[in-house]
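Let me begin by handing over the structure; questions about it come next.
Labels run A, B, C and D following the written order; every chain starts at residue 1.
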Amino acid sequence: MRIFRPSTRGDYLMPTITTLRDAVAEHVHDGDTVALEGFTHLIPVAAGHEIIRQRRRDLRLVRMTPDIVYDQMIGAGTASSLVFSWGGNPGVGSLHRFRDAIEKGYPHPLAIEEHSHGGMSVRYSAGASGLPFGVLRGYTGTYLPQHTNSISTIQCPFTGESLAAVSALNPDVGIIHAQQADRDGNIGFWGILGVQKEAVLASRRSIVTVEEVVDTFDSRVRVVLPSWVVSAIAVVPRGAHPSYAHGYYERDNSYYREWDEISRDRNSFDEWLQHHVYDTEDFAQHLAMTPDLAGV
Amino acid sequence: MRIFRPSTRGDYLMPTITTLRDAVAEHVHDGDTVALEGFTHLIPVAAGHEIIRQRRRDLRLVRMTPDIVYDQMIGAGTASSLVFSWGGNPGVGSLHRFRDAIEKGYPHPLAIEEHSHGGMSVRYSAGASGLPFGVLRGYTGTYLPQHTNSISTIQCPFTGESLAAVSALNPDVGIIHAQQADRDGNIGFWGILGVQKEAVLASRRSIVTVEEVVDTFDSRVRVVLPSWVVSAIAVVPRGAHPSYAHGYYERDNSYYREWDEISRDRNSFDEWLQHHVYDTEDFAQHLAMTPDLAGV
Amino acid sequence: MTMVTQLDIETDLTFTADEIMTIVASRELSDGDVVFVGIGIPSTAANLARLTHAPKVVLVYESGTIGTKPTRPPLSIGDGELAETADAVVSVPEIFAYWLQAGRIDIGFLGAAQLDRWGNLNTTVVGDYDNPTVRLPGAGGAPEIAFNARKTMVVLRQNPRAFVDHLDFITSVGHYEGHDSRSALGAAGGGPSIVITDIGVLRPEALTNELVLVSLHPGRTIDEAVSGTGWELRIADDLATTAPPTAAELATLRELSGS
Amino acid sequence: MTMVTQLDIETDLTFTADEIMTIVASRELSDGDVVFVGIGIPSTAANLARLTHAPKVVLVYESGTIGTKPTRPPLSIGDGELAETADAVVSVPEIFAYWLQAGRIDIGFLGAAQLDRWGNLNTTVVGDYDNPTVRLPGAGGAPEIAFNARKTMVVLRQNPRAFVDHLDFITSVGHYEGHDSRSALGAAGGGPSIVITDIGVLRPEALTNELVLVSLHPGRTIDEAVSGTGWELRIADDLATTAPPTAAELATLRELSGS
């Protein structure tokens, strides 16, 4: 019996509106499979920093598009494996910490489970649906199935056609950033929607950081996750920086470019890590060091 | 190669904003598989009447919840088969024309292909996705698979678990009713969403009736179908009566109750059919005979 | 406030069959339960629970409305009121895949035309499938609710046409052939935990999972229950009497129903 | 108006490699084409087409934005501008299943790190997969675009590191092993119809589906194309010269790029 829900019911349960520190302490454990999702928009960067700050280890990180925050988490040594479909610094180039881990095993080896976007999105949908696998047209002729055990083939029982099958993703923890929570603990977001709904619904536990708590959702809200599928909510203004929150702030493109320099060298990365994460109490202190944040 | 789109491209194509008469004349042919979808809300009743009026025959009708308009279409003899998961007059009782066709073969025999809602919705989703089948947890232990060829089983290639498989639905024509079209021919609707998006996207051609054409969509619009997936648009105010169009008019519950009386008897049904469909030019004339339409 | 209490006390405590069935059903629901409801008694009972002892019960309708809080009884599963008052509105494919099938529903609430001693349900056909005596509406969402909800509740008037020894058609699986046969099918949820009738309450017996009479409503008899059942109905050793509707329950229900 | 024409005539008609690649790519798009675009040259080329000869080209981004009409070049595939100006915004699972996989995309627009003579693409790894020389970003949406779009366009600078005789990794299938081997795989779409480089244009030859040089950009030579290619490049008998960028194309592109 698959129950993807914060806890067994009986007693009425609403997500705790708590600090991000407490949410990560309670819900993210060493060795967990953890998905921080956000498709260029609403990336849960603050949550990633908090996981680093609490020095989690041996995580199996999942994300369609690991970018800067995953580069940071991998460079900081939180992860022993990565499940993904595209890893890069969008519009800039490589992720140097990610490459250092894969190419040189630094700070330690990173096992990878590699897919395409189509395959990953089907895996999340299957996970959110309580199915053990999903089906798509793809992978045939590519070398991905030779390296990835979670890709197989399946025959249509009606037409005999052969199709790709991928195993479901069911992370221990799904983490997303949203624009708003209401006072009942429902989550609302809009703009580019990505795979965030599926990431939460496929996961056993979930943490949502939000820009603010409101009495009534903005009329632009397009996806609502009811309170009872969320484990914990933390209010973290600008918690998606350097990505953006539609209607709140824009993408900080200079940060993406600057990250290329910081991350290229192990020492400059370690300095950044110490100064911006380990020596800070929370994401707000890190943001305070970042000049010229673009307003909307 | 599966291309679910009004026509091959090359030339720019926008849906014709036309009359419902012309839309049905062009796109609905004898023998076609036709899905008129609407989940208690936004039921394309006017389009169903026009199909009767044009005396289409031998249709394979598809709908999760065939209700009054399918009772009318079946009673009028347009259909030779029905693909469905629940056939009734919601809140009232049986569909008498539907039962007369199945139980007594009147006006002629009606072959049925019977599913559950879960199975039908997976079939539409598979069809909209260009997949030949879909997967769900269900049907096991029920007698449905003994009578329905489009239900099979499939093994998960990862866990070995046995699951239900259903073949995709790809109607020749998908027909829905929406609140609004904009001047570019995009379709917008809101409220209870049903399976209408999937019905259009799974079909080779599509007809959409709308309450009105607007310059800018109402802010409540939640689903937008871009113009280039729609074959024809017809403006038919109150085209979903006796069901409702959220924000425009409410459900006419008395009509549902009265239909029970009209449809119970073959003669009173034939009278209704002659008077309300064959003797009218269009749906507006039929509506004009219906007293006391509830406004919003 | 004294006036209100007094009015409550003066409520007519006689009740109809529908009223006792609805009230007993509502008592089964608790705060935080996520309930998948159809129209009719299930919807009324779930809303009665929400307006009385379980304000935080979560109502989900197969039309895709999640966390609805209707202020009047919805007329259909797709009533606009359900969308207006919902926390979220999703498509029909999504409600079945991401919400019901994923195991997010605590209690599925079902009716039927016929039921057998294992709680299997028929809403498809009486007589031969290809040459039916009575063609019923069909499955709707019931098979998946019965298969995937953590448990189900069934509400059905008890008479020999409905409580049959043998179903002509299994539309929705209950405890299948009894004992462990349901879980052997791979069903995710636990199956029927209660059947509420106009006469009393049945629950599956431990181990065998056969439905046995565990409670009689006030004024009803074992004889009525036995003669209303098409199989040899077994009676629990500790047969109880259903607590009668309270004045508050009846008043709220009647206000909710507009009666 | 005369002033504007005069300004156009006076536009500097020298151009960069990126500019000729973008302009040639934009010319391949027509009104009504539904184009699945990634960021960079594909996005700029598609918007250039939309702002010049093909105002009704439909742009779809894998971030789920359908029918976007950005007024400035998007900075990422998930730029907020894409959502603001879209006809519809859908989830990522939906864009891949209901839109790309269903065959609703006419033209998929791809880049790559490496390409072979059949138009297969590598964006995964140079060297051994488990012990890579260069780890590239990976597949993204390219495998499904390559598999399911009715045809694909590839934009890639032509040099021996990119145009290789043998791919270390096939991330996205082009004409696979040539001839009919692509359709034998069950691929839905037709595969690469054009490869646009900084030197010229390649298209698959009829029957064999091997990429051959069909056009040279103004000022470029066959020698440059051959030495930029890691396999024995074949030259079309009727080798053409690419029409140079017009003043209007360059002016619009430069305004679009903010350069």
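A few comments on the model shown:
The criterion applied here is as follows: a residue touches a chain if its C-beta (ideal position, glycine included) is under 8 Å from a C-beta of that chain, and two chains touch if they have at least 3 such contacts.
Quantities reported herein were computed from a predicted structural model and do not represent experimental measurements.
Hopping across touching chains, the smallest step count from chain A to chain B is 1.
Set against one another, B-C and B-D show the most C-beta pairs in contact at B-C. Mean C-alpha position of chain A lies 29 Å from that of chain D. A straight line joining the Cα centres of chain B and chain D is 40 Å long. Centre-to-centre separation between chain C and chain D, using Cα means, comes to 58 Å.
Shown for chain B are the residues in touch with two or more other chains, namely 125, 130-131, 136-137, 161, 197-198, 222. Across the assembly, chain C contributes 97, 101, 148, 188 as residues in contact with two or more other chains. If touching chains are joined by edges, the resulting network of the protein chains shown has some other shape, matching none of path, cycle, star or complete graph. Contact between chains, using the touch rule, shows up for A-B, A-C, A-D, B-C, B-D.
In the complex of the two chains, the chain A residues touching chain C come out as 1-5, 9-13, 125, 128-131, 184, 186, 197-198, 201, 224-229. Chain D makes touch with chain A in their complex at residues 39, 62-65, 75-80, 82-83, 89-93, 96-97, 100-101, 120, 124, 129, 132-135, 137-144, 147-148, 169-173, 176, 182, 185-188. Chain A contributes residues 130-137, 150, 152-154, 156-159, 161, 163, 165, 167, 219, 222 to its touches with chain B in the complex. Within the complex formed with chain B, the residues of chain D that make contact are 30-34, 56, 58, 66-67, 87-88, 97-98, 101-104, 106, 148, 150, 188-190. For chain B in complex with chain C, the touching residues are 39-41, 64-65, 84-88, 90-91, 94-95, 98-99, 102-103, 114-118, 121-122, 124-125, 136-144, 147, 161-162, 191-195, 197-198, 222, 244, 246, 250-251, 253.
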